[in-house]
Amino acid sequence: MTTEFLSLRDAMATHVRDGMTVALEGFTHLIPFAAGQELIRQQRRDLTLVRMTPDLIYDQMVGMGCAKSLVFSWGGNPGVGSLHRLRDAIEHQWPNALTIDEHSHAGMAVRYSAGASGLPFGILKGYTGTGLAVENRAHVATIACPFTGENLTALPAITPDVTVLHAQQADGAGNVLLRGIVGASREAAMAARCLVVTVEEVVEELDAPMNAFVIPAWQVHAIAEVPGGAYPSYALGFYSRDNAFYQAWDEIARSRSDFLAWMERHVLGTVDHTEFLCSVGAAE
Amino acid sequence: MTAPAWTPDEMMTVAAARRLRDGAVCFVGIGLPSAACNLARMTHAPELVLIYESGTVGARPTVLPLSIGDGELAETARSVIPLPEIFTQYLQRGRVDIGFLGAAQIDRFGNLNSTVIGPYAQPTVRLPGAGGAPEIAAHAREVLVVMKQSARTFVEQLDFCTTPARPSALITDLGVFEPDPATRELCLSAVFDGVAKEDVVAACGWPLRIADRLGTIAPPTADELEILRDLQARTRDAHAARVRIRLPF
Amino acid sequence: MTTEFLSLRDAMATHVRDGMTVALEGFTHLIPFAAGQELIRQQRRDLTLVRMTPDLIYDQMVGMGCAKSLVFSWGGNPGVGSLHRLRDAIEHQWPNALTIDEHSHAGMAVRYSAGASGLPFGILKGYTGTGLAVENRAHVATIACPFTGENLTALPAITPDVTVLHAQQADGAGNVLLRGIVGASREAAMAARCLVVTVEEVVEELDAPMNAFVIPAWQVHAIAEVPGGAYPSYALGFYSRDNAFYQAWDEIARSRSDFLAWMERHVLGTVDHTEFLCSVGAAE
Amino acid sequence: MTAPAWTPDEMMTVAAARRLRDGAVCFVGIGLPSAACNLARMTHAPELVLIYESGTVGARPTVLPLSIGDGELAETARSVIPLPEIFTQYLQRGRVDIGFLGAAQIDRFGNLNSTVIGPYAQPTVRLPGAGGAPEIAAHAREVLVVMKQSARTFVEQLDFCTTPARPSALITDLGVFEPDPATRELCLSAVFDGVAKEDVVAACGWPLRIADRLGTIAPPTADELEILRDLQARTRDAHAARVRIRLPF
């Protein structure tokens, strides 16, 4: 497989289709916002969205009607409060009903790791006595250790149709470097049938120490160079998390009308991520 | 009587920080737990090891992170590892001394709800959900809970049990609860300086039992207050600044 | 827990006792030879030795009668041929009978990972139709996926009493840096009840990039500074693998008498690793 | 007839190398597989991706490693990752195109023994064992086997089945075997230039079937031979040198 270098628009249009299971991963750091907003522009529908922390990007995608289902483990605005659009979808089915497949962080990590390992399920100690085990019987089972008899929890693997990551660098061959907090990004990448990566920059040679987190080119279906592509989350070494924006989002997303107006103006009303960044005053 | 020179939130943070012994390995949630852990690290427990679930081991932030994975945590950490290893090799393997949790509801045994108010399928309020809490409670050697007290959130019956927990202490904005050794029910063991036990009982949704020898928690020292307020001020400043990205084209 | 800085002799004498299960890990790279040879000098007995590749170090320990049992997945002299002492123990019970618990590399990796994760067992696709599954029933079981019904193989966790690693650096607080090929060293370290590390050097500040393999001090029970401690394997950045020595070992270990004479002269006849290195002509 | 200007080992290595298409992801064993893969990389397949089980992904060694984890592999690799990930995230996940194996015994279907000669509990010869072979055979999309041929090692019945395998080709020092599409039995499909099929039959312990249209493998080209011999010479020199460690005290 040869990695294709595409525009963000083409990368999303080529690889993400209505009805797919899609994971835009990145734990707080390197969240692929530009890719998610491009999916909103392309009006994708009926997606099963997978992320440990839906964060603002899935709040936007859910609020704009891209998702029919959500697989997640913590759905808040970190350090701020609720994700109002996610709440509205679950509490009032607006703009549409949303099925949820809910886990703990440890559970999501196990599910991604199982998918990345080519196993149908993974195991952990946990879930005993939790409401999750009661409410999510389709995705939580008990399994006994064949050696000790101890009961453990089994969870089914996640294997997204497409995983989208944002990373600091790619080289011309398509090798990708992630640096800093990686969350479960590597597992989400290896679990996926198709991997698309947006990067801050394409360089001659990766600035990668020997044991760095490098995804080899032959695992990467497409790369799009999108500077600022993780904003308002961050890309270590490039820009910081816009914590002020995360705080401001609470007001923006609180009402349906304010949310729609903001999305119209800054996402649907811009042609690409550079215009988006200028439009929200995040570019200089 | 003059108003105390500190807020209940500050007292709660200070009381929580004091319970952290130097050198302990702490699994830190965002918000008040993070403030308490870093206050402890900046006062009596310089060798406290902070693990954030994002994958930062031994973080020493100078400002409090807004999210669990701010760059500040990565830049000051001893190492930054994949999140799955945090949950398997550190937490589940039993390498964490203290887990630090909050929640939207708590019951008299310390079980926690951070998932929904109302029925799960049709919630009146959808809360963020579990995050790392269930496994932190299951695997840390000791669990501390910090929660502001109110009869609405300290409940007879949880709407949903996100996290079965048996905390060694519950620190509220009024005092400290500890489990009865026999029944494991959380009982009021100490009140903050200036708080009447009747106020604590009134702000608890279950019939609160009170320890025979009710202690009083000393007010924040000048040092504790100054360090906490400096930390909070630095944090506010850091998070107020908008980010500007220099685009290459 | 505070990391103790000890001499190699004291580190081994304090933490490794007769009858224990001990893993000296390091896959080709960073094999803790000095530690193993010190255990020979201290005449440890009845050890259960765990390593993916026994390599020359367990050939020496088995040949000197330290082991009652061996857990492993590939027992040759890489690129050269047999481990003659290991063969002699299995084929002729010399110097004593040796129980074996044998797996594939993938199986050992799963067993260490399970131990490192606090799980009683781990799962993989594999072992089906292999003689290992037939001959090692005590440590190989079949388990069905509760979601798909697919049969998988379950293997019990390995949790050594002591894992010994060799690493490039430790800092004064006891944090340890491994760089280069790490094999299953980290999993063996996290699986162990007690971790002892020999290092090339103790430094002020680790030369560790952000996502380096660092073992935090509070996981490390004891550190001994042993320059050349991985010889004749290697420590990347310090010295290369002595492939000529690995080739020479084939002749040294072929007969019991030559082997014993060599061990008498170079290991039992030297007081520490520095003397050993001088004695075999590996020091300058 | 003059003696050929190459050895059977060289011919075997060249024939194996030719089967590797550029860009394929190869899980490489030590010894002849490693020589063949690197020869391919240095000739017709510059973008061949070599994965060694030690954890080196995309290694481009200039000399052949003696062990599976020589420093040369780490220093020339695209990345160096923990060994468990090699076996889970790459091999078991199905990311490997070609697995390359050798063994001490092979049967007519390609099953391999690298564990014992004689009974497992009381072997006459204890061999190194499985290493990565069983899972390479199970998970790589295609398996190649290279083995010197002899009636003693190409057997009716394995002493022990280390690795159930169905190779797409078996390359020996005499020719190439490929599976019958219906029965999966390995049949002689081609001989090396100058080898008589009777010699191949004589050096096989099972009644060898021969393909209807028996091919002939072209001898090594001057290029192939020169590059292989240079590689082997560099390798011999590199491994002959003793290591001296400069002690700090």
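So that you can tell them apart, the chains are marked A, B, C and D in the order they are listed, and the count of residues begins at 1 in each.
Note that in this section a contact is a pair of C-beta atoms (placed from the backbone, for glycine too) under 8 Å apart; a residue touches a chain by one contact, two chains touch by 3 or more.
Owing to the predicted nature of the structure, the values given are computational and were not obtained by experimental measurement.
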item: Pair of chains joined by more contacts [C-beta pairs], A-D or C-D; value: C-D
item: Averaged-CA centre spacing for the pair subunit D and subunit C, given as whole angstrom; value: 27
item: Centroid spacing, where centroids are CA-atom means, of subunit A and subunit D in whole angstrom; value: 41
item: Computed distance of Cα centres, subunit D from subunit B, in Å; value: 57
item: For subunit A, residues that touch 2 or more chains besides their own; value: 118-119, 124-125, 180, 182, 186-187, 210-213, 236
item: Subunit D: positions in contact with at least two other chains; value: 74-75, 80, 88, 92, 139
item: Each pair of chains that touches, named by its two labels; value: A-B, A-C, A-D, B-C, C-D
item: In the complex, subunit D residues that touch subunit A; value: 23, 25, 49, 57-58, 74-75, 77-81, 88-89, 92-95, 139
item: Complex contact set, residues of subunit A against subunit B; value: 27-29, 52, 72-76, 78-80, 82-83, 86-87, 90-91, 102-106, 109-110, 112-113, 124-132, 135, 180-184, 186-187, 201, 227-228, 231-232, 234, 236, 238-247, 274, 277, 281-284
item: Residues of subunit C that touch subunit B when the two form their complex; value: 1-2, 116-119, 175, 186-187, 190-191, 208, 210-214, 216, 218-219
item: For the subunit C and subunit A complex, residues of the former touching the latter; value: 118-121, 123-125, 141-143, 145-148, 150, 152, 154, 156, 179-180, 182, 209-213, 236
item: Contacting residues of subunit B [partner subunit A, same complex]; value: 30-31, 53-56, 65-71, 73-75, 80, 82-84, 87-88, 91-92, 115, 120-121, 123-135, 138-139, 160-164, 238-249
